[in-house]
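Labels run A, B, C, D, E and F following the written order; every chain starts at residue 1.
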């Protein structure tokens, strides 16, 4: 039995609130249990130097935590004067993940700035960021379709992420902070609507893990991501069809 | 007639939501129209070096804006690697303002960390920060009273802040961003429940202002602060009495 | 009676030495009692990106203190690797103040760099910087008129600044460091030759102040600024008339 | 057929040169094909603050590339004034990996500083760093055993790392730079002598990957790590037995 | 004939104004022609970590240039956020030079902070800094003798510095900026009262120099330093004897 | 007798291994006793802004030490976030030295990036860097001649550097670290094949030195540089003639 009474393969309660910040082209407040992240997407009509005149767009992500999003106050990175290693790792992960389901050629020479800011943290902030940012990104691109700047939705499939781990000897899905800090094995899984892996990052710093454990964790993660994608579809309503159609076209479904 | 139909001496709609972030000792989401700021207060049981063994506490404030809290995305200060001048000015202002209504001797050797993070900006973010942080600070200290770490509420009076300015020749209260950017004179006023000034910062960069204008602006500001303090009292409910009693004792009211 | 025998409404001895640094277009050593600041003005024939092709000029200011300008050595900001909050606040203040009396359209696409370096500090360094920089700026622009780069003096009025405060219960003018550190209320006033406010920054961190105190402080400040402007005129000699004429034309005097 | 004629499951030529830098407690030059990394291990008799008086040691890693280790010169991170995201990610990975096979309690309050500096890069620098640093770490600890500072070898198992990826549709082992840059899927695998996973990091930024591909990649990686561990044993000679014994004791082999 | 009419072996006009900044333990304004440097010396009653409990003192130097000390404005190092290579080189040179004539054991566990700030530059700022700082250092230590903190003057000999160079084929003494920028060979010489070298830094970036040229330059430098030391003695008056006596005792003169 | 049995005028064993790093246009591993430095030269087809459209090239150098190149680990400058004063001094020295023997006009608008990375240090790292970088530079330029980008070798003469010092009262050549740390006088000498000085940097921080000592040190240095240049010629083989011819042409030999 888990600390909050969940079964091993159960996620926490998920909510996705769209249009959360009035200024951003796309914005979402995602809650995964007590983890709450504001995800915004900004569309900029230029690309980094290495893509100029390539006809190709780019997606870059930044991530931050409010000082009291955590149990004890953590110092602002702005005050410290540098972005820490953990933050950089997460920023790079979010960027790679979202780029994997956007056709950057179809996007054209635009940059999508993904900003994920954790206002309350209880484990799984990087995976919640990816799941929420995906919805904000779709909204931002949809806004661009409506105003004529894009003729087609350049998103090729759904994308969500969750964490899994071995806690007290049992593989479990969607770890809260207390579970995460006592987990022997810890894995983040980013998957597409088609059930393929975009990122798989497992670490057994405290105890190496076996092939069997890996397989169990992957099965839990797949289950979790499927549920998260169902919530993304629910949140997006009709707009979801634009992506489903595209994904089906690609896979021939 | 103002852009949103308000009268010159009218504030925007105010809401103060307490206990907004579960981890912080005190936390508030304050909305002043479309300006929304998360204010948290952390109580730390130590003081900066210059106060060690003085029996006196300290209050320090930090301020940040999410990248898309504004109409166009502004770069993260963490990414730039330094805190800008505007942010520093605001941080120093918030700290000074709150210190003016806390009896630091009665607080004892504790540091209160005020964090104000703007999630959506529409003018007046620094004054909203002060007004919201005051409520979060009272909550944080009240929590410390309940758990026995403080025997008395060390807050000596209410404190709120608002902005006033001369827009299109007319002095007006509580400027939205559009008003603020076209104002010839711009002033921030921080006042106590007793109607005294804690900070008065007026600037006439585009057009110097006269003594008459100054007096009109101050009258508007006083009116605005009184209304904000009434909203703080409403939000705090019974806890407000702890401060009212203290303030009355001080002024002999 | 004040520590140096002055009356409450008396300034310290003022001297303004022009052409102090041979390389700069305008340069002044201003002494306000023992506070000594080197102010230089550099004219650069380009503007920041946001003003390119606007036909409009810009004024920006930087401020520094030599390590031993103060009673105990303060670490160099260059060595610390960042400019502190107090410095940024002062830099922004000096820039805003001087922009308020220069017709930036008439200046054309030039940037005036104001550098104020405190070589000896005894209170009031930011107000001495503004007062001194004004004279250096006039000299720099006058040099440009003589070499034909400007056809008219783009300065619209005189400008000076002073500090006032409540020390031991008494409002006083032009505080020395010892007075400043014990003042309950502290205010900086920047005014024009026409007697209008450009900046008013009062803080009652230790004790909030009333409307009556505010009025007394403003009266003292006005008196001080008038005296400082008389010293600026004296220092500038005939050149002063170029500004007096302009100011009169504007106000219809 | 691969660009250098290797079969899909073939590693490049491996060499491990011990005692490469005379000053370091442990030091290795590892070559994996044309990738060459100097790995040094420094033993420091103190621990970071969070471990003081815990009786537990720590391992931390730093990684760098010489400017011309790569085809085009990359700017020094010292000159840029900050460590980039990729470097931080790698440093954190190396540290976690090595901590997983060291009994930090048995190490006692010491810090092992791992430094991996790439002098020539041709793909797989992070995995070569882990593989080489493991040998340097064993040497550093063995030196400490000989001088009596440690009574037992605190290393619990062998550890090596390799990269695998899908290149031109085929899963291959130990990618050179040219392969790496055209790979659709890219995975780093860190495994122990007992064949368990310490880290598994797969990314399908360009093309998500299926469960089948994952299994093929893992099989290749396992094969590669086994070969690398055989080379580590060869390099360490008799000292290798100290670890083999320990690992057998743990697994009951 | 040189640009300002001097003979090859002639220095510019020298003046040394003591007690220039009221707060510092020792302070000097040195003018070498149009080069003007404020040198202050601060005595701190502690030493850097590497000297704690050694009974030995330390001398460290910092150097800066005001932005308009030069013909075109140079950006503040505080604003750039880092100290440049030239500044670091000069700081290290000044520190080494002054340490060479102070008996750090006799000084005891104190740190002398030398600050040299160039307010106007016309070549030779580093050598003027050394020459001026020497006098400020003697004043600071003399003040400590008078207040009983030191029983003896720990300065072992006089010390001054000058520049020499080959300009237009002719070796010359004490180069102005215009000469310096066209010199083929450029050398700084720091010497003691006893005529020994403390630092000799010659560079022939534009044209390597021969042994004969070296000897001519050294002769000029020796002549210049002797004159500078005579000016230091003149400025110090009777205090100079404290050092002359010490130097004679050491050399047996 | 010196610690390693050498005579005062004897250098350590020298080896120069060319083509050490496969990616760089020129690269050398130089060993001077136990001091080992990797020197690479990168040719970039552009110049810094101040040389654009001048037809003139540039040479710039960077220097680093691996953390365990020294007896105790030194912190990475990348981690500290800034390049230290010693490093900057050495970088500037290497750049100046190499520019003195390259005809930058003949080089054309190219920048040569010199990177010197110390992998093992035992005194004399800066002089070994210069001596090794010279060979790498010749190789890089020769490669450019072969591919037709340069029609002539723009190197005007050989260049090498060594250190000399007074150890235990005796002037000695090519100091090891132990000698260097106990030397009273320490001097670096950079000379050309024609026997002229490019840089001469002597410091007598612990004990000023006389003209006689200077002459002895210079004689030793000249002897050492001649030997180093003979080793450079040996290493370069036939390519050396390209420079010898040029140098002879210049000096009329």
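Details
Quick note on the criterion: a contact is a pair of C-beta atoms (placed from the backbone, for glycine too) under 8 Å apart; a residue touches a chain by one contact, two chains touch by 3 or more.
The structure displayed is predicted, hence computed values, not measured ones.
Contact with chain C and chain D alike is made by no chain in this entry. Chain C and chain E have CA centres that are 34 Å apart. Chain B and chain E have Cα centroids lying 52 Å from one another. Chain B and chain F have CA centres that are 61 Å apart. The residues of chain D that reach two or more other chains are 81-82, listed in rising order.
Chain contacts in this assembly form a single closed ring in which each chain touches exactly two others. Around the ring, proceeding from chain A in the sense that reaches chain B first, the chains are ordered A, B, C, E, F, D. Here chain B touches chain A in the complex through residues 21-24, 27, 34, 38, 40, 42, 44, 62, 64, 66-71, 73, 76-83, 87, 113, 115, 117, 119-121, going by the rule given at the top. On chain D, the positions that touch chain A within their shared complex are 82, 84-86, 88-89, 91-92, 96, 99-100, 187, 191-192, 194, 196-211, 214, 218.
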